[in-house]
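Heads up, the next two complexes both have chain A, just with different partners, chain B and then chain C.
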Partner chain A sequence: MAGKTDLRRFPGFLTVTTLCLFVLYAPLIVVAVYSFNASTSITNWGGMSLTWYVDVFIGPEAPKFQRAALNSMIIAVCASVIATVVATLAAVAMTRAGRFRGKTLSFALINLPLMVPEVVTAVASLVFFSAIGFTTGLTTILIAHTVFCIPFAYLPISARMQSIPDTYEQAAMDLYASPREAFRLVLLPLMTPGILSGFLLAFIISLDDFLITNFVKGAGIETLPTAIFGSVKQGIKPNIMAISTLMLVVSVIFVSLSWLVGRMGQDKKKNN
Partner chain B sequence: MAAGAPMGAGNSSRIYKGSGWKLLFPSWIIIGIFLLAPVLMMGVYSFLTKEFRGGVIWQFSLDAYDQFFFDRGLFGDEPPRLEWTYIGIFWRSIWQAGLATLACLLIGFPTAWFIATRDPKSRSTWLFLVTIPYWVNLLIRTVSMKFLIRDTGPLNEFLLSIGVIDAPLGLINTNFAVQLGLFYSYLPFMVLPIYAAVERYDFSLSEAAADLYAGRWTILRLVILPVVKPGIVAGCILVFVPSLGAFLAPDLLGGAKTFMIGSLIEEQFKGNAGNWPFGAAASMILLTIVMCVLLVYARNQNKVEAR
Partner chain C sequence: MASSEIAVSVDQVVKRYGSVTALHGVSLDIRENEFFTLLGPSGCGKTTLLRAIAGFEDVTEGHIRLKGQDLIDQPPFKRPVNTVFQQYALFPHMSVTENVMFGLLRKSWSRQEAERRAQDVLELVQLSDFAKRKPGQLSGGQQQRVALARALAPRPEVLLLDEPLSALDLKLRQAVRMELKAIQRETGIAFIFVTHDQEEALTMSDRIAVMSAGHVQQVGSPREIYETPVNRFVADFIGETNLLDVQVLSVTGGVAQVLMPGNRNFKCPAAAVVNAGPGHLSVRPERISVCAEAAGDLSATVTGHTYLGTDIQLHVKLVDGEAMSVRLQNAETTLMPETGAVVGLSLEAGAARLLAD
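Then we have the complex of A and B:
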């Protein structure tokens, strides 16, 4: 045993992994630390303080960012709810309706938002909305977000649905449940972890988007990313770092939630 | 994947047979009208005549593509020569995205390998650590990177204070900064598929090679890499494709010299000075490149699965 080399280990791979994690986290940690800087200059360290967090909530720019945050929330909630419903129906069609004409094409369509480069989607949406005479605003942002949230909601939902055998629904229908009841009372409860993680994924993706939103938002309406971008264009200010840190914390909480939900689903599967 | 699964319903269940189209109707309405139609419309727009204050005149014209590829002099009456400006921007984007992909591969492969060879319990924790930054807003990550590497930023301050350098590195607004930003944006996309491939790797292959006196690195090169290649290719695609059309990293970390496709297209539609047909043509060319990459990938994938 002692003399045998472990073929799983390669010298230096641990170093590279550490480097990888360092590169991933260093910028975020630095910004989080500097957001507690008391100084008004972003370069010099003036001691710990919560000045900029207070500024985020009651400072001169607070109303602007609060409205932007509210817009972001409204859009993320609406877009991810719609996308989750649409994606669930699509997943049922793809995994429970046998073979039918146009199935492959439909699959390609659902994944189209992942394939078209974001900048192309952005300008195409802008041009399309202006051609059909839609005024850009919250509605156009919502529509655009729903489109690109669908595939992200679809992936975990259909993965989960594929792993559930249809015997439970068959059994329910043998006991005179209608297909609708079999869906609502049998499949849907089994699907909950997949649907939840699809929803959370869509939600984060919607909150994250800058490029498409920036094109379809219209004048005067901002979401958090576009408001931050506008502000950063004039230089990074300390309040931006405080907002960034808050958003970072929110993202981490959400991802942890979605991770736990996913684990919950896996544990359940094991118990079955 | 589900084809051979004994228990899984896979894609073959027929409970809702006949309702396929009804259930897919909302998807077709939303994506069909608000993405497929706009993209097709862009295709049409790229063959129209430009309106000077942004917009199009409904008259067929090849001007947009002509402007992209050829230079006909100031008054348009000289014999056409190849115009390098826009081809150059595309070429630079491909180059930048390629270098970022290579950097992701060099860092991502060892990381994925390291994670996949931990014991199963700690694997998910490591993976979680690698994926968290991806879920943080891309704009915020890019701004953080900008803050860190600015000439007066913490990185330079730190290196100056410990005396490693005596002038700021001047990283910001360079090609390197853009590559760093792209690398930082999409690194998890490289790690995850390679991890999935390495996790399935059968280590008895390595043992067999070692029994035949192959060294560690020979095994890596001749046995491991060919086996996990599908994962590596998937990772490269997932990094390369979004990098190619990226907007935030070149815009925030780069300067005028690092102009990429994303900015070129954006510029044509923002404000009044834009040229819509030209922007549409550039979009179509970008879309064509991306679709070609994905098609080649899909065909290879089918071949791998058929084997």
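Then we have the complex of A and C:
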């Protein structure tokens, strides 16, 4: 690897890398560190303390954040479950139905939401809901989240699906399994790592979403990101940093899980 | 003996993919209790035919009958045939036993009976000690045997094998051949075996169908296929042969009078379809002996030798420039001509065969 093309020998490699890492992670580190600040100031360090974490759970704003967190959880669980089911069906259809008319179009339709600017989706969702006379609330958030979670769930599931040769199902059917049994007993277990990975990804995307949620949520309904945004508008208090840090931890855990599950599937495949 | 009963009858089967025809009206009868091989180069349609019997390919025209019953409208999971796949396709998330039990449970066997049957079959393929392992923990040869056990467990009427030995290394392949043949005899099930390896086909089969370009070229025992090929393709594909351009003078009662290169006369058996005119004479290298120049059916110049261990291959050139090869046994008594020597070649009349194109 230490040939002439070794990237580390390029001029400025170290500077660029350091700069990128700094821009990416310095804000997160500042927030994480200052969430442990004893002082009410967000700039001066007043010593190490867990005050703001305690405040998040039992402080004056605690009920508001708890309700928002509960909403976020409900929406994230429901939206990612539904999105995962839809994405799984889509992945099976796309990789097993052979060539059908409109296959390219279907592929584009599944993945297009990834490329549409989020604010466009947000406005469109709002317009759509009011056009069909939906009152905005938890349901509208749930529907919107389900929709934009589908392409995220689809990516790892379809990647996994493409690595499963169809001879497994043929072997199952050769051994007297009906197509339904072949799916349930052979294909589904083999797809599981991809499905789990897709679910976790969809879950975290839903949990973190602010923009679309903010457009389609009804009055008085908050999710954690919109609640945080609402508090910040009245000035940044250190409890926000504590909440943000907690959310960061949850996100990191889920993304790591998603990655680990995906890798587990790959290792399994290598052994065969 | 029941072996003359027909197990599978393939009747005028045509398979087209768009404008490409993979099978041109193939007809074959596979007998019960028979080790039947579909042999041919890649793309000859042998795998397509096997998949059509299993039910994974629809046929465009024709019928496939199993013991008289038409299979064409049956989906694969309703056909009483099982397949050993080329890459085995063992279910990686199930243990060896669970793999073997899969077909039995789908046929509504009780768990207990299925377990007992799985044990018996695993014993047959000598894998009892590995019953609890996952396929990923087995060697290629062991996986191949699990695939065989899994396909045999539901007692299929016919077992289909799609190049099951091609993923194994040479030594193992040779050992497995004998084992496979023994298992076929023991179970008494008709095996339909697909391969492109003529040695595999010759050593294991009761009968072979040689296929090329979607046609069956010849069906017969290994000996018939090797010793009395019906056309150039079969002669050339099975084993090594010398194909000489000759002039056919006359054909009467299956015996042909031909004019050899160098204008000597020769009498030999002819395949039924040969007429007078230009023809091809097929002679296996081991059926040629070296003699004095004047006494031979052909006159040739030795151009070199290849040492093969048990045999020595002699490369010779005929007067018209055609190259031939002759196999001489590597024994002290064999007279070995030097390179450059002009010798006579004497062909065993019964072993040389005149073929149409």
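Convention: the second predicted complex is superposed on the first by the 260 of 272 C-alpha atoms of A that agree within 3 Å, B and C clash if a C-alpha of one lies under 4 Å from a C-alpha of the other, contacts with A are read in each partner's own complex, and residues count from 1 in each chain.
What we mean here is this: contacts are C-beta pairs under 8 Å (C-beta built on N, C-alpha and C of every residue); 3 or more make two chains touch, one makes a residue touch a chain.
Bear in mind the structure is a predicted one, so any value in this text is a computation, not a measurement.
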**Request:** Determine, under the contact definition given at the top, whether A:Leu19 touches first (chain B), second (chain C), both, or neither.
**Result:** first
**Request:** Please work out whether A:Ile204 is in contact with chain B alone, chain C alone, both, or neither, and reply first, second, both or neither.
**Result:** first
**Request:** Report for A:Gln170: first if it touches chain B alone, second if chain C alone, otherwise both or neither.
**Result:** both
**Message:** So in the superposed three-chain picture, is A:Arg8 touching just chain B, just chain C, both, or none of them (first/second/both/neither)?
**Reply:** first
**Message:** Under the stated touch criterion, which partner chain does A:Val147 make contact with: chain B (first), chain C (second), both, or neither?
**Reply:** first
**Asked** Which partner does A:Ser244 reach: the first (chain B), the second (chain C), both, or neither?
**Response** first
**Request:** Using the superposition on chain A described above, determine whether A:Phe100 touches chain B (first), chain C (second), both, or neither.
**Result:** first
**Those residues of chain A which chain B touches in one complex and chain C touches in the other** = 165, 170, 173, 179, 182
**Item:** Touching residues (chain side chain A, partner chain C) in the complex
**Value:** 165, 167-168, 170-179, 181-182, 185-186, 189-190, 268-269, 271-272
**Message:** Residue numbers of chain A touching chain B in their complex, please.
**Reply:** 5, 7-10, 12-14, 16-17, 19-21, 23-28, 30-31, 34, 42-43, 82, 85-87, 89-90, 92-98, 100, 102-103, 106, 109-110, 112-113, 115-128, 131, 143-144, 146-147, 150, 161-166, 169-170, 173, 179, 182, 204, 207-208, 210-211, 215, 225, 228-229, 232, 236, 240-241, 244, 247-248, 251-252, 254-255, 259, 263
**Asked** Once bound in the complex, which stretches of chain C touch chain A?
**Response** 54-56, 75-78, 81-83, 85, 87, 89-93, 102-103, 106-107, 134-137, 150-151, 154
**Item:** Parts of chain B lying in touch with chain A, wherever the complex brings them together
**Value:** 1-2, 7-24, 26-28, 30-32, 34-39, 41-42, 45, 107-108, 110-111, 113-115, 117, 124, 128-133, 135-141, 143-148, 152-154, 157, 183-184, 187-188, 191, 203, 206-207, 210, 216, 219-220, 241-242, 244-245, 247-248, 252, 261-262, 265-266, 268-269, 276, 279-280, 283, 286-287, 290-291, 294
